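Two complexes, one shared chain (chain A), two partners (chain B, chain C).
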Partner chain A sequence: MSRLVIAPLLVVVTTAVLTLALGRRPRVQRATSVAGAVGYVGTVSVAVWALVLGETAPGAAVYQVGDWPAPFGITLVLDGLSAFMLTIAAGVGLASILFSVRYVTPENQRVYYHPLFHMLLAGVTGAFLTGDLFNLFVWFEVMLVASYVFVAFYGTDHATAASFRYLVMNVFGSALMLVAVGGLYATTGTLNMADMARRLATPDAYGIDPAPVVGLSALLLAVFALKAGLVPFQFWVPAAYTAAPAPVTAMLAGVTKKVGIYAIVRLYFTVFAAATIPVDVAGLTGTSPLDFLAPVLGAMGVASILVGGFGAIGRDRLGGVFAYSSIGQVGFIAIPVAIAAAADPTGALRGVAIAAALVFALHHALAKGLLFLSVGAVEDATKTDRLRDLGGLAGHSPVLSGAVFVGLCSLIGLPPLTGFFGKFLAFDAAIRGLASDSGLLSALALVALLLGAALTILYATRVWVGGFWGRETAAVEVASVESGQVTVLVALAAAVVLVGVGFDPIYRFAETAATAALDGEAYVDIVGLNGGDGA
Partner chain B sequence: MTVPIVLVVSISLFLQGHNLPGGGFIGGVLTTAAFVLIYVAYNLDFLESGVLGREVETGTSIFEHRTVTAYRRMLLAGLVVVLGSGFGGMIIGDPFLTQGYVHLDGIPIYHEVELASALVFDLGVYLVVVGSLLTIVSVVSGE
Partner chain C sequence: MSVALAVAVGGLFAVGTFLLLQRDLVRVVFGVAVVSQATFVYLIAMGGIDEGTQDLVPVLAVHGGGVPEIADPVVQALVLTAIVISFGTTALALVLSYRAYEENETMDVTEWTK
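The block that comes next holds the complex of A and B.
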């Protein structure tokens, strides 16, 4: 039973090695890659159903790698939150791989495209599953090493500059993360997240002084915000997203960004929330690391919405618009998380706000995955993604344009698409926050959300009017859209609609995930540390 | 003269790695250093033409170079060994990557030898490190 926890990871790593071995047979390699992605989706669904969602499911499961007991070995945990994130990764991963088969040229495929893609997916999977802080760092590195190559993939000036910037930023971020992880180990005496939560809840029993945790958690917050592309750590995003191949950008925006969000939620709400530490940093006071998280993350979210929204309006390329839009959308995810951090720990608002963030993450993964893949399809057909050179695509290739239209509407938040529920729940959380504490944070968040929604309508309209309506330009007239690529886009657009129409089970899944994220004690129980004699 | 010493030290580091400082990674890096010393002193083809006495075909790109192809295969073999050693324990019902060991007594000269399954995993790591580092070094130097 618990083997199912590690199954997705084994499937994806084995696929990576197999595709590497089959490099000399491109056709077989592509087939293996797709089979691996389908197998990944299969194992994730079976694991999520059997362990978290099914009627007889235990709700969560744990796997001790190498038979080393927690807290000494590496523990993998599949609970509601991990399950939700893995489901997002599986969906976007499969769509991107299928699109890649019809998108990546044979010469580019030879440069280890498929093995690297599966290593990227392996890094993401490991980060979502691990219950060990140092292991989280390792999976971040796996993910980053693969994405460095992808950003530099086309070897143009633009790609080389973008990848160098991305590399320097992230090497610096990784060093900071290592310092923070080392500091937490020195402070709490453990790297196992469940053990850390237990020790922080009762520091006296373990003879530790948790005071440094606030500062160290702030370091981690900076690193995770860098991964998520939140302002002020956003400036690698536009260059990297426009330089990487389109299916990889869909993965980077849809899934790897969410790893940063996941890490913030997991560490702050499951692990650090247990601690009672007097906080007094730069005018912020409180008794928990969450009191520090709330205003800082809230400010980052507000700034991201503004920078992303205004940036997207000014771009002259499709890829650029969506890259800036990604920065703004992560702000929409960060604000509910900040509201949850500010909320009363025992109230219902915290769970509602986390669920809102998760639903928005799902919406962003689907819609942005769809839109970045469409940028790839448009670029493949017309050889440009400059808005000035595009126009009339709606008449030229209605199916492709229809899929883009669904994606844009979801971005704006029209019912009954997924994006409507994402935005609705984010606003709901902000209004409830305002009602419960009528604080500055919730009010500011509400204004930013409103402004962000208006900006989204502006740039989405601009993309549609500039690229798809109007007279066909020269580039569009000669364009021929690849039907295989369009099939993937239509499938993703259908997913955006279906998730919105059948939203009830999805919301219950998000609630399960939020409950798992907030229940630190249950997390300690799953890992099997409660009832022991400790240390 | 230093190259054989470096190689011996690297192999001893590799063999003791599962319960003393050392292991596949550090042994692999040291082995790479020995090869790089030769490449710096002579050139990429010296091992084949000077030591093994083979003909070296020239003219193809560095990615098709026979040495580089061999290193790439080594990297792949290492990955397969690592995965295989992880799956090995699963066949008999243990979790992924579970390792075991046996003590063999009465062996001539050594008397007692500890055979650890972790050595197989380390061998995989060793092959991955040597293969990937030498691929990088030879391709970058060939540019």
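The block that comes next holds the complex of A and C.
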């Protein structure tokens, strides 16, 4: 048991409370908020290094909240997968809060901006760490309530409408999640994920009938796809992303979307993969919930790439282009996960495909975080983000444009940027998937990836040519770019380059994460279910 | 008993979904609340329901003695947590619907221009 596991959560909640209390002293509040974010990055780094990556690290650790032994209490687990996701959250979170300080007006920051931001981060952190299904629901709600307020933050007609729609969608999603959680509890008799994995592996020993798990897991898949913004649950994304303040959009796209993907990987591959259940739903047959996940998630991914790609080409605002692009990019993450689900459980492909999805998630968090923050900087400087009114930014503010250029190139997938490896590994997984199972879906996945890559080149070029090249427009001529904002953008652009150049350790981290995600037995061992009579 | 609960869950979900699909903002908020209530009843049902008799209430059956078989407390804890969250969300939804009314000057969501 290690207290380090809960440390990131404590830091972020403490910061949220402190910033709430310091509302009357704006300067101190801002300083506390930034210090809290730096402290969060520090604790996450220490915890990840000491518990997962370091030479003498155990590889994973648990913290039993309140010292209640698993499976009765709430278990927090920091393993490779959680560590990878927390690292993404820490990086994007720090960049967003630094950018916020220079971007959001002091009056707006004074109110509830900082406490809410840290509560959003707390929800994300809790969701990545928890080993308890109902607790996952609670952290989802923490994250969502903060993001409802952020979407409505500017209080315009557009923002309130977007926030209301986002809220109603997600409350219905939460209701479905509760139904699934309750059903899984009634079926397996436990809420602890490790205990559930163990019971599903040997259902006869515990006298349970795991048959309902397929249907209940499908409900969960719908809820997580809603959080991740996968087609057909994508329609809240463009409105919410354009309504929220730019740094929060960077968080929503870079981190909270990934919570949906994380939950799919964690629950399906670590927990449900242990079960052997005959599946026969709408022509899909198999022996594991993964046989249901593979075609459904694959189809969602393909549809997301198409909707996102074509949608992004047609938008006339920078924010709109990147919001649709986010839908497409999540498709790029979903397809490797689907390939992993279809792969042979004992083969190497499953691990490779999950690692590909994780690397793409990292790339998307960095590149899209950078691009959404740039939209904020451009909008702040020129008072518009309409492509029609922009032009010539490259000549007017070369540093800002250079950062955007790096982000766009990473999105397209040029080496040696992070995006190249994300795309390369996704294609690698798709081709291996096609080689091992030359079915229609595998071929379709590969075609969709190719088409998605082409669409990405199209809309990225359109943004660059329309907004940054050419003659300076009236709006750009009078623009003055804030240097503090640009510093954050340059730092993020440097991160995109550096992660690409020094990719080897990152890939090993992703492999560690994929191994942790797939090894359900190791997960059960770490959690150490020794509560009660050891049952 | 479980048939009655199944009917209640089904009825609440039906009413909630019907309300969610209305054009009026306030009805949508009511729909949000009713759907949440439906899941609470469902959660309680998932803990297993026994007909209540006197000897199932610990204090009546064996005051100070051993505890008789009781209903599953886990689902009740879950519902308690979920009720608090749902309360907060519904309050936020009401505030938002008022703000949306102020900004858009209509309670009819189909007339929103954005």
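Methods note: the second predicted complex is superposed on the first by the 529 of 535 C-alpha atoms of A that agree within 3 Å, B and C clash if a C-alpha of one lies under 4 Å from a C-alpha of the other, contacts with A are read in each partner's own complex, and residues count from 1 in each chain.
Simple rule for what comes next: contacts are C-beta pairs under 8 Å (C-beta built on N, C-alpha and C of every residue); 3 or more make two chains touch, one makes a residue touch a chain.
Note that this is a predicted model, so its numbers are computed, not measured.
Engineer: With both structures fitted on chain A, tell me whether chain B or chain C touches more of chain A's residues.
Structural biologist: C
Engineer: May I ask you to decide whether A:L167 touches chain B, chain C, both, or neither, giving the answer as first, second, both or neither?
Structural biologist: In the superposition, A:L167 touches chain C alone.
Engineer: After lining up the shared chain so the two structures overlap, which partner does A:A152 touch, if you call chain B first and chain C second: first, second, both or neither?
Structural biologist: second
Engineer: Just chain B (first), just chain C (second), both, or neither: which does A:I313 touch?
Structural biologist: Neither chain B nor chain C is touched by A:I313.
Engineer: Could you tell me if A:Y185 is touching chain B, chain C, both of them or neither one (first, second, both, neither)?
Structural biologist: second
Engineer: Is A:T14 touching anything from chain B or chain C once the two structures are fitted on A? First, second, both or neither.
Structural biologist: Touch status of A:T14: first partner only.
Engineer: What is the contact status of A:I6 with respect to chain B (first) and chain C (second): first, second, both, or neither?
Structural biologist: A:I6: touches chain B, not chain C.
Engineer: Which residues, counting only chain C, touch chain A once they are in their complex?
Structural biologist: The touching residues are 20, 25, 28, 31-32, 35-36, 38-39, 42-43, 46-48, 74-75, 78, 81-82, 85-86, 88-89, 92-93, 96-97, 99-100, 103-104, 109, 112-114.
Engineer: For the complex, which residues does chain B have touching chain A?
Structural biologist: It comes out as residues 76, 79-80, 83, 86-87, 89-90, 94-99.
Engineer: Note which residues of chain A are touching chain C in the complex, please.
Structural biologist: 134, 137-138, 141, 145, 148-149, 152, 155-158, 160-164, 167-168, 171-172, 174-175, 178-179, 181-183, 185-186, 191, 239
Engineer: In their complex, what parts of chain A are in touch with chain B?
Structural biologist: Touching chain B from chain A are residues 3, 6, 10, 13-14, 17, 20-21, 63-67.
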